[in-house]
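Every chain is named by a letter (A, B and C) in the order it is written, and numbering of its residues begins at 1.
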C-alpha cells in the first residue's frame, strides 16, 4: 500500500467576484522512502497542494478530494484533532522563509522540544537531548549551545537547518518541503539539498519536494510531477522526465535552463511567451493552449491524462504532433 | 540595551524638567496670582503686600529655581487653604489615587486584552463586530456619566455597593470600572490589531504545522509577540488614569490626589496645584520611560542586540 | 498632418464618485452622519423649535418629571430642573454649546497642531527634533488637571474653556499631520514642485496640505468629540461653563443632588452627550475607513 494516495484533489477560494480554482484535480501517489518533486511556476498551485495535504489552508479555502489517504488514514474526513495528531508527528512540513518561520520570542531549544513534547510523553531533558542530537545531524556546530539562542542570532542557512531538525523531531514518515532553498544563497542551497537527501536515506522518510527550480529537483527526486495552472500536466520518474519530456510546457521549462557544455555563451535562453491564465470561474480545456506552439482547435475540449510510457503520463492530445516536430 | 536605556533616561529627565518649567509658568502666567490669593475684595495695598509676602515680586526665573530646588527635596511649601505642608497633604492622598489607578488598569487589561484576542481570532464574525461596537460605545460615554450611572444602578437601586468614600474594597469597585472604562477601547484595538498581524505571520504557520493545539498557538506563540506594544500602551494609560482620576474622585467623593487638586484649584491654593501637576507629570514621564524600556526588553531581538 | 492634442484624463470626478459610493455604503458613517446632521440642525434651529425659554425660571413647577412618568405632561416633555426651567429647551440649547465648543476648540487646536506637525514633518532634522520635544512635553502634562487650573485662572466661562482647550488639545493633530506630511513629502510631485522652484509656503499650502487633509479631517472629528467630553467634565466640576448657561455637563452637575430620586435629571443630558459623541466618533471612524481602508480597526 502506498504511503500517500491523492486522487482528484481540488482547492477553491471564494473570492468577491467568483471562485478561484487554485488546484484542479491533482492526483499522485507516494511510496515509503520515495521522493516526489512537484515543479511549477508561481501560481501553479503547488504550494496549495502541499498545504491541502496537511489541511493548513487559509480560511477562505475549501478542499475536496476523491481520495486522500495517508498510511491508511483518510485525511479528507479526518477531524481536526486527528490532523493535529499527525502534523509535526507523522507528517512534517518545512517552509520557504527560514528568516520568519521561527518565533522570534522563544529560544531554538524551546521551539524544538515543543515539537517533540506535543506528541510524545518525554521529559524536558530527553527532549533537549534529542534536539541536540538532531541539530548535530543537520550540521549545526556547537549544537548544545544553540539551544539557548534566539532565531535572530542565527543566519538564514542555519535557521533552515533548524527547521529541518524541528521537522525531524518526531521521526515523521513524510516530509513536505515547500521551496526549502529558494530564499537561501546558491552555495547554501546545494548544502541543504545534500542534507535533505542524506537524511532521507538515513531515516527512510518519504519526501515531497516543491520547487520551481528543475535543477534543484534533478538531484534529489525519484519522481517528478509538473504542475501548471492547478493541474498536473506531466508526471514521470525523474530520469524519464529529463531524458524525454513530452508535454510542451515541460519542454519549454527545460529549454529555459542553461546547460553547461551545451548552451553556447551568448545564445538566447528559451522562454515561454505569455502568462498563466487566471483561474477564476469555470475552466475548460487545456490551460496551456494560449502559450503553446502546437495548439489546435481540439485543445479547447477535455484533455485526458494519458500514459506515454510505463509510469510516464502527460495531459496533452497533441503529443504525436510534438514528437513529429522534434 | 544599556545604551538604549540610558539614552531614554536622559530624554525622560529633560522632559520632566521642561514640564516642571511649563507647569510653573502656566500657573504664574495665567493670571495674577497675588490678586487671586488676596481675593476679589482686597485693596491694591493688600494685593501688593501679599505679592511681597509670597515672593511673587521676584523675577520669574528666580521664583522657579527656588521652587524647583525645594521640590527636589520634597518640600513644596505650605498649603494656603489646608493647615498642612503640601508634601504631607499629597502623601496622605496619594495611596487612594494609586490604588484606584492600579485597580482600574488591571480591570481594563483583564477585559480589553481577551476581548481583543477574541476579536482577532474570530475576526470578521459577529464576535469581532460586537467587540468593535463595544469599543465605539465605550469611547462615547464620558467617565463621570458612567460613574453616576453605576451609582444609580448599583448603589441606589440594587444597594450592592456603597455610594461614596474609601472605607473598604467595595468602595473601589464602581470608581475603577468608571476610570478603567476609557482605556478599554484603546487597549482592545491594539491587542486586536497586533494579534491579527501576528496571526498571519510565518511562525504561526510553523506552529500549526507542528500540530500544536489552537490554545497553545494563540496564547504561547501569538500573544507573546502581539502583547509587546500593549505593555507600553498600558503604562501610558496608567498615566492618563492618574491624571483623569480627578473627575471620578469627585463623583465618588474619594479623598485622593485628584480630589485634592480640585479643591485646591477651586480655592486658588497654588502651591498644592503646582505640586500635584509636577508630580503627576513626573510620574507620567517615568511611565513612558518604563514603557519604552519594557518594549525593548520584551523583544529578544532588541534585548540581545 | 497634425497630431491630435493629447487627451488629459481627469480622474478626480471618478475618484470622488467612488468615494461617495463607499461613503454611502458604510453603515457607521451614514448612521453617524445623519445623527450628527440632525443634532446640528436642531442646534441651529434652537430658538425656533425649543418650546420654552431655557433661562425662564418657574419655581412653582420645579422638578416635574418627564412625560413618560406618572406626573409628567407634554407641557414639559422632558420635565423641569430644580429652578423650574424646561429641560427639553435647555437640552436643545445645550446642543449649541457643545457644538460651539467642539467646533471652535478644534479650529484653534487644529491650526496649532497642524502648523507644528507640517513643519516638523516637512523640514525634518533639528526643526523636527525641537517640535517633537515640544509635543512630548505637552503629552506629559495631565490635561484635565491643567485645563482645570488654567480655566480657573483665566476665568471659568464659555470663552475661557474654548481658549484653554484649544491651546491644550493640539497634540494629536501635531502627531498625525507630522507623519502624514513625512509620507507626502517623499512623493514625486513634491520633489517636482521643489525642483521648479516653488516657495516653501506655496508647497506647504498647495502640495502638502491638500494631501494630508484626509487624515486631518479624521483627527478633527475625534478631537471634537474629545473637546466636548472634556468641557462636560470641566463644567461638571464647576470650573467650565458657568450657570445659567445650559451646558450638558453643567446640567448633570446641577442635577446630581437629585439623582437618587429623579435619575432622569442626569440621565437625559448624559444620553444627549453620549449620542452626540457617538455620532461624531462614527463619522470620524467611517471617514477613516472610507479614505484609507488599510487603517481599519
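The rule is short, and it goes like this: contacts are C-beta pairs under 8 Å (C-beta built on N, C-alpha and C of every residue); 3 or more make two chains touch, one makes a residue touch a chain.
The model shown is predicted, which means the values in this text are computed figures rather than measured ones.
Note on connectivity: the fewest steps through touching chains from subunit A to subunit C is 2. Between B-C and A-B, more C-beta contact pairs join the chains of B-C. Between subunit A and subunit C the centroid-to-centroid distance comes to 56 Å (mean Cα coordinates, whole Å). Subunit B and subunit C have Cα centroids lying 23 Å from one another.
Taking each chain's centre as the average of its CA atoms, subunit A and subunit B sit 54 Å apart.
Residue positions of subunit C touching 2 or more other chains: there are none. Across the complex, subunit A is touched by residues 201-203, 205-213, 216, 221, 224-225, 298-301, 304 of subunit B.
Contact residues of subunit A toward subunit B in the complex are 54, 56, 83-89, 92-93, 95, 97, 100-106, 114-115, 118-119, 150, 152-153, 163, 166. For subunit C in complex with subunit B, the touching residues are 28, 133, 136-137, 139-146, 148-150, 152-155, 225, 229, 232-233, 236-239, 252, 256, 259-260, 263, 266-267, 270, 273-275, 277-278, 281-282, 285, 297. Contact residues of subunit B toward subunit C in the complex are 11, 15-16, 18-19, 22-23, 26-27, 30-31, 36, 132, 136-137, 139-145, 148-149, 151-152, 156, 189, 192-193, 196, 242-244, 246-247, 250, 258, 261-262, 265-266, 268, 273, 276-277, 280-281, 284-285, 288.
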